Amino acid sequence: MSVINDLLDRLSTKKIAMYNKDFLLTWEKTSDEIEATFLVARILQEMRKANISPRIWHSGIAVSNFRDNSTRTRFSFSSACDLLGLYVQDLDEGKSQIAHGETVRETAVMISFLTEAIGIRDDMYLGEGDRYQREVAQALDEAVQDSILPSRPTIVNLQSDIDHPTQSMADILHLAEHFGGLDKLKGKKIAMTWAYSPSYGKPLSVPQGIIGLATRFGMEVHLAHPEGYDLIPDVIELAKKQAAASGGKFVHSHSMEEAFKDADIVYPKSWAPYDVMLKRVPLLHAGDQAGLKELEKQCLANNAKFIDWECTEEKMKLTKGGKALYMHCLPADITDVSCKAGEVAASVFDRYRNDTYREAGFKPYIIAAMILLGKRKDPVKTLKTLIERNHKREIE
Amino acid sequence: MSVINDLLDRLSTKKIAMYNKDFLLTWEKTSDEIEATFLVARILQEMRKANISPRIWHSGIAVSNFRDNSTRTRFSFSSACDLLGLYVQDLDEGKSQIAHGETVRETAVMISFLTEAIGIRDDMYLGEGDRYQREVAQALDEAVQDSILPSRPTIVNLQSDIDHPTQSMADILHLAEHFGGLDKLKGKKIAMTWAYSPSYGKPLSVPQGIIGLATRFGMEVHLAHPEGYDLIPDVIELAKKQAAASGGKFVHSHSMEEAFKDADIVYPKSWAPYDVMLKRVPLLHAGDQAGLKELEKQCLANNAKFIDWECTEEKMKLTKGGKALYMHCLPADITDVSCKAGEVAASVFDRYRNDTYREAGFKPYIIAAMILLGKRKDPVKTLKTLIERNHKREIE
Amino acid sequence: MSVINDLLDRLSTKKIAMYNKDFLLTWEKTSDEIEATFLVARILQEMRKANISPRIWHSGIAVSNFRDNSTRTRFSFSSACDLLGLYVQDLDEGKSQIAHGETVRETAVMISFLTEAIGIRDDMYLGEGDRYQREVAQALDEAVQDSILPSRPTIVNLQSDIDHPTQSMADILHLAEHFGGLDKLKGKKIAMTWAYSPSYGKPLSVPQGIIGLATRFGMEVHLAHPEGYDLIPDVIELAKKQAAASGGKFVHSHSMEEAFKDADIVYPKSWAPYDVMLKRVPLLHAGDQAGLKELEKQCLANNAKFIDWECTEEKMKLTKGGKALYMHCLPADITDVSCKAGEVAASVFDRYRNDTYREAGFKPYIIAAMILLGKRKDPVKTLKTLIERNHKREIE
């Protein structure tokens, strides 16, 4: 209990204004809000350990809206919602349907009459995923203003074309726990690098999410990728500014080796070239299968030029003491395991497998924290009420 | 709390026999039972506002059985069940499978061992949806009689070929709230009219549900549609009789203008011609895709003759003071928004959008009320127990 | 309450070590453990009757992983989990995907961070279903050992290529209740026989499950099938040994009549020939549709030779007093009802329909008992706590 009390004390010092707001991009949140999210996640984790139920709702609905496949995020979202007492109802639009305008507005309201939280994944269309989430958000705002909805469901971005905050927040919380505190990240070097994969079209949201968040903690963030594998320019600009403001550093190169050199942490991960992502959007919209096939062919041929962008034992030796912490959002493309040539050598992945699992384990708590903070005006009070209530999460 | 107490007092005056029965057609329920359903819906809504959990079940299953697509009714059903404490398990039979006889009987029992409520949508086959629901009901009755099931799950009709009671009940409750009471509906004129839509094969259950319910409250119900777009003859007969009995009026014409003239409420909505619905059944059963395509072609060509059956600003001017309340079960086909020419002009829909959303918002409570009344012998006592128990629905 | 107390007293005499273990094959459990499972199932059933909520978890996740279709087992699993307070999240891998190795290990952990129970059906591939479940189990063990998971989810086999314990346990509990106690089964003759069906490729797990369990209670188990319709040899060996040890008998013949003669219980049920099941595996893996079609053709032609293996009124007359108890895991292939010629005559099935429904009704409680015993060190104490707590399952 002293752990929980300590975390609560720290939480009560944070100045936050997250109530009735969504969690779409980490850089829309203040540092206090980011830290509050970490603290609430940790408190919920400790409450579960202490067998104190953090169930806020006796009944209530959460909506999951996956516009792209998902296993681990789906389970993280379900687990988070269930932990707080919400029943998850999936909104299945059919994979191909890209609804906009009137339909989005109407559907947003129709699914929200008794709804507390909405998790949305929409990451396939550059320029659209984040826009869709904001369209839903605006419809909800208006419906609350017009007294159509009794309260404002909070939206959690479960991956958009721009950011993947439930992933990046779990990643940073993992680092904080690994290195002994958020403040210990100051000065640490993290290499966020592209890596070769035989697959194609992976979203940019993970690398963007990492450079958009890690640069806020005084870290040296080194982004490296082959030419042509750029990220959204605005996010690069943001990363630069944030690094400067936090006393950190943002380096952008085309060398995996440079990025790995003396790194404390490496995050080698494949993504699609920015240009290809741009070209894909009209093809996807037009349902142009031939065009998409041709684009994929070109892209894979291009990818193949960078097959040496693999996180090998040799490259790991370049890192600080040869012992950088390897990270991945999973599933990784592991050479000779899940594919012939991939993002990471099997022996490297093996050594860090448990670390990547631990990394993933923070996600349900991060999501639960985002929901709690979006739905509760005074989260410290709510958590104290739950602790005093002391319902057992499970009967022994 | 005085609102809730007042509603409870009114509920306690109603003579009802809904316990262990299903809610399939509104006209199988007495006026007291219809009013009791509205009262329970309103009480549940007020309890939620007052943060009193109406959770009756600590654990329990509800089954959803959608034999046609659904988004809003699915969410309404989930929300209603969750509100009362039931976990929804979907029975997914595969869209094409039309099971009858032994299979229906057996499946009905197999899904019901720990089940409290079953929601069924089966609206595609004229002459079959309602029959299927009764087949399930009979199987459950027998299984309870033979002590195979510990209790009788209540069936809620989530739309059949004949009626759509969760919609029509939400619609009338919306009218009652809008006009200041159920008794205020007496003498009001409602125009339930066909409207043009570029789509085809929409069920008849909404207009049938409306004329089958609205005629019970002393309203003047004007049904209008182009020749050939008839409804099930029995429902027309029923509407006539009910209108006479309630001191209202039932008018049946082929003129949208006549229907709109001096109307207090308009409900313009597309549906398929009766003949086409009859012809569709054997084609659907035979899986005759070519026949269905041909029928659709004919039907759309026929529809196109009535493209002027649109709820325009001009037609709205015919209504009482030009200010009739526009209703729709949603989604509406809005001209120049969701289609080139549709059921309603964009400017009309815009003005009433919030009203249609409010209308839809009653559905979860109507469904919850139907379940509660089917499963509780003394609903007043149950509700009072819940209020006294005073579990918070959510922790502040 | 005296019924529950009596069952609890009997439960407390059983020596069991089921905590943190899975329920994969009945023959991996001691007789005390089998009986404890029956007792807990009965206690949960009685608690429900007495309106005492057996909800152990205030929040918590259960995972369903169906690698083959299921309706009744899906509902049994959902009902069981909900009864104990668990929200079921389905892991939908896509029907065709057979994941192994790294993917299985990783997925097992990713879905388990807040998970209490995992139900797996994997029965299509001989030699693989059970192996898959053990692969998941090992991944979970390692993850708990490495402190990645806070606790060990218990795995319930919802049908593998080898055993179908939730079915066979429900079947034997049904017999015990029918004949007045588990001890009354001693000396009873059960005919587990093949029966003709126009379908093909049904798993061997039901007959294997029955002979692998019924032989432990001193019964005379008579397995009969046409030549070529063998079961896994190891299970036959096991049945022999168990029958000898329990003072029962195991007879293996190729005559339905011999099996039915003087039987107290008959269980006529179709399954695929062992050889065909072996041949199917590489074809399924290769996705060889033509090969599978050809194999099916051969198999159905072979089946047709044994069309007289039907449970007719005539054959029923051979049984003890002509009144053996007919059993089936459902759905049965009923002659002239679900097919032209099937496993059982309509008049026989009709007479025993309610018995088969009662048989099925034990499944949710058996599954709940398996979960409870896998997750609670001292189940007697847990159950007593729940009874003392005395939360109503439903508000009257």
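Residue numbering begins at 1 within each chain, and the chains themselves are lettered A, B and C in the order written.
Here, a residue touches a chain if its C-beta (ideal position, glycine included) is under 8 Å from a C-beta of that chain, and two chains touch if they have at least 3 such contacts.
Because the structure is predicted, anything quoted here is derived from the model rather than measured.
> How would you label the chain A and chain B contact, same or different, if same means the shared numbers make up over half of all numbers there?
Different, since most residue numbers here occur in only one copy.
> On C-alpha atoms only, rotate chain B onto chain C and read off the angle in steps of 5 degrees.
To bring chain B onto chain C, one rotates by 120 degrees.
> From the mean C-alpha coordinate of chain A to that of chain B, what's the distance rounded to whole Å?
41
> Find every residue in chain B that makes contact with two or more other chains and list them.
87
> Provide the residue numbers of chain A that touch chain B in the complex, in ascending order.
My answer: residues 56-61, 63, 87, 89, 91, 101-103, 106-107, 109-111, 113-116, 143, 146, 148-150, 376, 378, 381-382, 385-386, 389.
> Looking at the complex, which residues from chain B come into contact with chain A?
So the residues of chain B touching chain A come out as 48-49, 53-55, 71-72, 74-76, 78-79, 82-85, 87-88, 330-331, 334, 337-338, 354, 357-358, 360-361, 363-364, 391-396.
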